[in-house]
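Please go over the structures that come below.
Two complexes come next, and they have one chain in common, chain A, joined by chain B in the first and chain C in the second.
And now, the complex of A and B:
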C-alpha cells in the first residue's frame, strides 16, 4: 500500500477533494478548443467529426445506465430510435420543430425506459438475461415500426428540405459548420449532465446500488428507484443522439433507428474508452469514428503498395473488428482508464 | 415496551429448517448476544429480521410496528441497521465514500456529510484507511467499515453479524468499547451474533442460544453458559472459540 507516512493522530488529514470541478473545467476547455474545428477541417472530415459526436452522445447515455448504473444494456437502439422517430414524426406529420421533437423524444424514451425497466427489474432479470431483454425490446420497436402504417412501415421518414437555412428547423447547407456546433453543444450538455448526475446524491446512490444492491438496501436506499432513474437519464441522453441524427442525415428508417448495430454503436465507444468513467465514451468515440472512416476510405482507394486490397468488399469491417479486439485485449479497462492509471496515480 | 420483538419466526430451505419458531424480545438500550454453533441459523435469522428474505411464518415488530416481510430499505429507514458477516463494501469507492453514502442515506440531515463520515471513521478506528480504496483492505478494516456504515445511519437498533470475527484480540478491544459507548451514550439497542465468548460475556445483558434453528435457551450470560444443554451443543466446536 502507499501508507508509508505516519498519520498524525491529533489532526486528521484534510478530506480529499472530489474531482467534479476538474471534470467540469475539462469539459469547458474541450468545448472552447473544439469550437473553431469545423472552420479548419475540410467538409469530409467535418462529417466524421459530427459522427464522432453522435457516437459520443449515444455512448454517454449508455454509460450512465450500464457504466454507472451497472445494468448492461444491449438495446439502446430502442432509446435512440424513439428519439429519432418522435422527432421525425412530429416534424413530418405535425409540422413541429425538431427542437420540440427532441424534447418530446427525451420524454418518450425516458418514459419507456422506466416502464420497461420496471418490468425487467420487477422480474429480477440480471446480467446476460437483462441485456437480452433490452435487446428484445429494441427488436420489438424495429418490427413495430417496420409494420406500422402510422410511421410509414419500412420506408421510414425523409425530412422535408427547407428553402432557407434555419435554426428553428435545424437545417443548414450540408457544408455548414452549424451542424458541428449543435452536435458539440449537445455533447457538452450530455457530459455536464453526466458529471452533475454523478456528483448528486442520486448518482452516488446509483453507484452504491451498482456495487452491491443488498448492502445499499441495508442502508435504506430504495434500489429500484435509483435503477429506474439511471435508466431514464440514460435513455434521455441517447434519444437526443437519435433526434439529432434524423436532422443531420435527413432520413430515418426502422433499421437505422432500432437495428442492433445501433445498440452496438452505443456500447463500443464506452467499452473502448472506459466503462463507468466520465470520459470513456468521448475518448472511445474520438478513436472509433475516425478509425472506421479511415479503414473504409483506405480500402476503397488503397495507396499503391496496398493495391491488392482494392475491391475487397467488407474487408474494412474485418480490419475494424480486428483493431477492436486488439484494443480490448491490450486495454481491458478501456483507454481512458489505462491512461488515467498510468499518469494520474503516482 | 420492547423495541424489537420477534414471534414464531420460521424459514425452511427445501427440507432444512434453518430457522424454526424463533421468538425473543429486546428492551430499548439493551444488548442481546446471539450464540450458537455453526449452522444454527443465526445469519438466516438476521436476514429474516432485516427483510433481506421473507420468513415462511412469524412476525417481527420494530418499535411496536409490524415490519414482517417489508423490503430491507424500508426496515433500514425505520431505524434498524445491519452489518453483513461476509463484508460487502461498495468496492469502487474509498472508505470515506462508503461511509458518506450511509450518512446521506441516514436521517441525520448533516450539512456536511463527508465531514460527519470522517468523524464516524475516526470513531471506529479506521482513520488510517480513510482515503484508501476498499479493494484490498484487510479483513479487520472491512469489518470496521461494515460497522461504520451501520453506525453512520444513526439507527435505533443495530444487528451485528460477527463484527469481531477475524480480528486479533488487540483489535477487538476498541470495537467492543465502541459498542458499549453506542449503547451508553446514544441508547442504541444492539443485537449481535458472536462466536467470541469473552465478548458475549462482557457486552451482553442477555444471551439467546440458537441450535439447529431453534431457541435452545436464553437468559443472563453467566446462567446460559453454565447450562449443560448449551455446553453439549458446543461440543465438537473448536475449543479455542469458546475460550478466547
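And now, the complex of A and C:
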C-alpha cells in the first residue's frame, strides 16, 4: 500500500485531478512487487496470502455495488455462492474446466444480480430494506441448496483430485505458487476493472446516482440502468472469488457458499479499509485475512491468562467485530481514507 | 401463497403507519388511520383464512394441518415478543438492530448456566435474565450506540452487526460449539383440538403473551411509556416539552433487549442451546418487524403469529424444503408489495 500513498503525496492540490493513471500505475507496481512473494514465503504464509486475496476479491466486488453504487448489500453471499456452485456443478456433473465454470459463474451471478436488482429497484427498496432483501435472497439460496438433490443437498461438492498438476483443471500441488499467482492475477484484474469502471461514463453516472438520485434522474441519466450495471459488475467480481475458492479449497457446501458469514466477509474488508475507495477493500483484506491465523496460533498454545480458551474457535471473529465497531465509531471513512487524508495534511 | 402476500401488502397505511401503535390516533388523521388499520387487519385475517383452507386441502390428513396451525400459533407468540423489542428499538431509536438475536442467545446461555450449575427451575431464571439483559441493553446503548446516533443507517447497522459478531463468537469462545439443552421438569405433551403440543411450548406462548401485554400497558399507561411514544412520534417536540431523550433512548434499548432476554428464557426448553440459535430468531424477528410495520408494537405481535403460521404451513405448501424458506418468500413479497408503507420514516 505504501506505493499508493507515496503516489498520492505527489499530487499538487488538495482536490487532485482524477488520478486514474496513478491508480493503474499503483496496481502495476503492486503486481510486480507481489509476483516473487510466493517464492520467498513458507507454504503456510502462502495460504494466508491466498486467503487475503480471496477476501479482497469478494470485497472489491461488494465495494463496486455498495461503495460506488450506494446500494448497501447484505447478501453478497448469493453472488459468491452462485460463482462457487456454478463452477463446482459444471466440473463435477458436466466435466467442464473450472475456467469455463468461472466464466459461467460470472454470467449466472450477473444475471441474478440484474433480475433481483430489477425487482429491488422496481419496488424502490432503500437502505435497511434493500439490505434486508438482499440478505433474504442469499438465505433463500442457502435453504434451497441445502434441500435440493440437484446440488447434493447439505453435502455440497468435493472437487475430484487430478492425477497431475494442470492449468486447464486449475489444480496444483498444495505448495505450488501457481495458486498465489492465479489469485494475484484475478485480484489485479478485479482492481483494474473497478478502476476502469470508475473512470468510465457508466461509473461516473453510477456515482452521480449514488450522490443524488433525483438530480441524476432530472439530468436524464437512466438511473435504473446504471444501478443494474453496477450490480452486475459487482456480482461478477464476487462470483470469481467464489469460483476460485472452490478450486483452492476443493470443497463447497451451502453454508460456505451462501451463509450470512460470507456476506459479512465481503463487507468487512471494504468497511475497515474504506468504503467507496479503490484501495479500501485491499487494505481491509490485508488486515483481516491474517487475523484468523494469528488467533488460531495464539489459541493453539495460549499464554497463561488465556489458557481456558485453548482449542476454542471464534476469537478471530470477536476481533473482527470489535475492529468493525471501533472503525465505525472512530474512523467511519476507513483506514485507507484516514491514512491518505493525514498524508495530505502533513 | 402469492394471493396472501398481495392482500397483506395492499393493506399498507403508508407513511404515518409507524405511529399507529406506538401513538394512539389523535386529532387529525384519526379516521384515516383507524380505517386503514381496520382494513389491514381484515385483509390479514382473510389471507390467513385462505392459507389455512389451502393447507387443509393440500395436507395428507387434516391432523397435519391442525398440528401445523397449533405449532405455528404457539411459536408465533414467542416470535411476536422478540419482534416487539426489536420494533420498539427501531421506532424510537431508528436503529436496525442486528444484535437482537445475539442478546436472546446471551439470555439463553444465562438460563442454561443457572439451570445446569445451580439447579434452578428454567422459568425462575427469567428473574435474572430480564434485569441482566436490561442492564446489558442500557450499557450497550450508552457505551457504543449513543456515539452513532444520527449517523447514516448503514453505520448503525454495521455497529450492531459488530456487536452480534462479538457476542455470538464470544459465546462460542466461552462455551464451545457443543449443542446443549435445558430440560423442563415435568414437561409433557398435551392434546389440543386433535393436535399435540409440548407443555413447554404452551407455557412459552402464554408467557410471551403476558409479557407482551405488560409491555403494551407500560407503553400506553405509564409516564415512561408516554415519554417513549412521544420520542418515537416527534423527537424534537419531545425534547421541547422537557423529555430527556438520551435517557429515553437508553431505556428503550434496554427494554427492547429485556424482551429478547425474556424470550431467551421462555424458549430455552424448546431449542438447542448454542451460540447460533440467536441468529435464527434474529432473522425471523426482522421479517416479523417488517411485516408488522417498523416501529409498530402491536403489528409486531400480529406479525409474529403470521410468520409462525407461514413457517409451519410452509412445510405443507413446500414439502421437503426448510420452513424458513416460506418465511423468506413471505418476507420478500411483503417487501416488494409495500414499498412506501414499510418505509414509514421517509417520504
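What we mean here is this: the second predicted complex is superposed on the first by the 306 of 346 C-alpha atoms of A that agree within 3 Å, B and C clash if a C-alpha of one lies under 4 Å from a C-alpha of the other, contacts with A are read in each partner's own complex, and residues count from 1 in each chain.
Just so it is clear, a contact is a pair of C-beta atoms (placed from the backbone, for glycine too) under 8 Å apart; a residue touches a chain by one contact, two chains touch by 3 or more.
All of these numbers come straight from a predicted model, not from anything done at the bench.
When the two complexes are overlaid on their common chain A, residue A:208 makes contact with chain B while staying clear of chain C.
Counting the residues of chain A touched by each of chain B and chain C gives the higher count for C.
Within the superposed three-chain model, A:222 lies in touch with chain B and out of touch with chain C [touch as defined at top]. Once the two complexes are overlaid on the shared chain, A:264 sits against chain C while remaining clear of chain B.
Contacts of A:325 after superposition: chain C is touched, whereas chain B is not reached. The contact surfaces that chain B and chain C form on chain A in the two complexes do not overlap at any residue. Those residues of chain C whose C-beta lies close enough to touch chain A in the complex are 96, 144, 147-148, 151, 153-155, 157-159, 161-166, 168-174, 176-177, 275, 279, 283, 286, 290, 320-322, 324-325, 328-329, 331-332, 335-337, 339-340, 342-343, 346. Taken together, the chain B residues at the contact with chain A in this complex read 50, 52, 71-74, 76-77, 81-82, 84, 88-94, 96-97, 100-102, 104-106, 114-115, 118, 122, 127-132, 136, 149, 153. Against chain B, in their complex, chain A makes its touches with residues 1, 3, 7, 9, 12-13, 15-16, 201, 204-205, 207-208, 210-212, 214-223, 276. Contact residues of chain A toward chain C in the complex are 72, 74, 119, 123-129, 131-133, 136-137, 139-140, 143-144, 146-147, 260, 264, 267, 271, 309, 312-318, 320-325, 328-329, 332.
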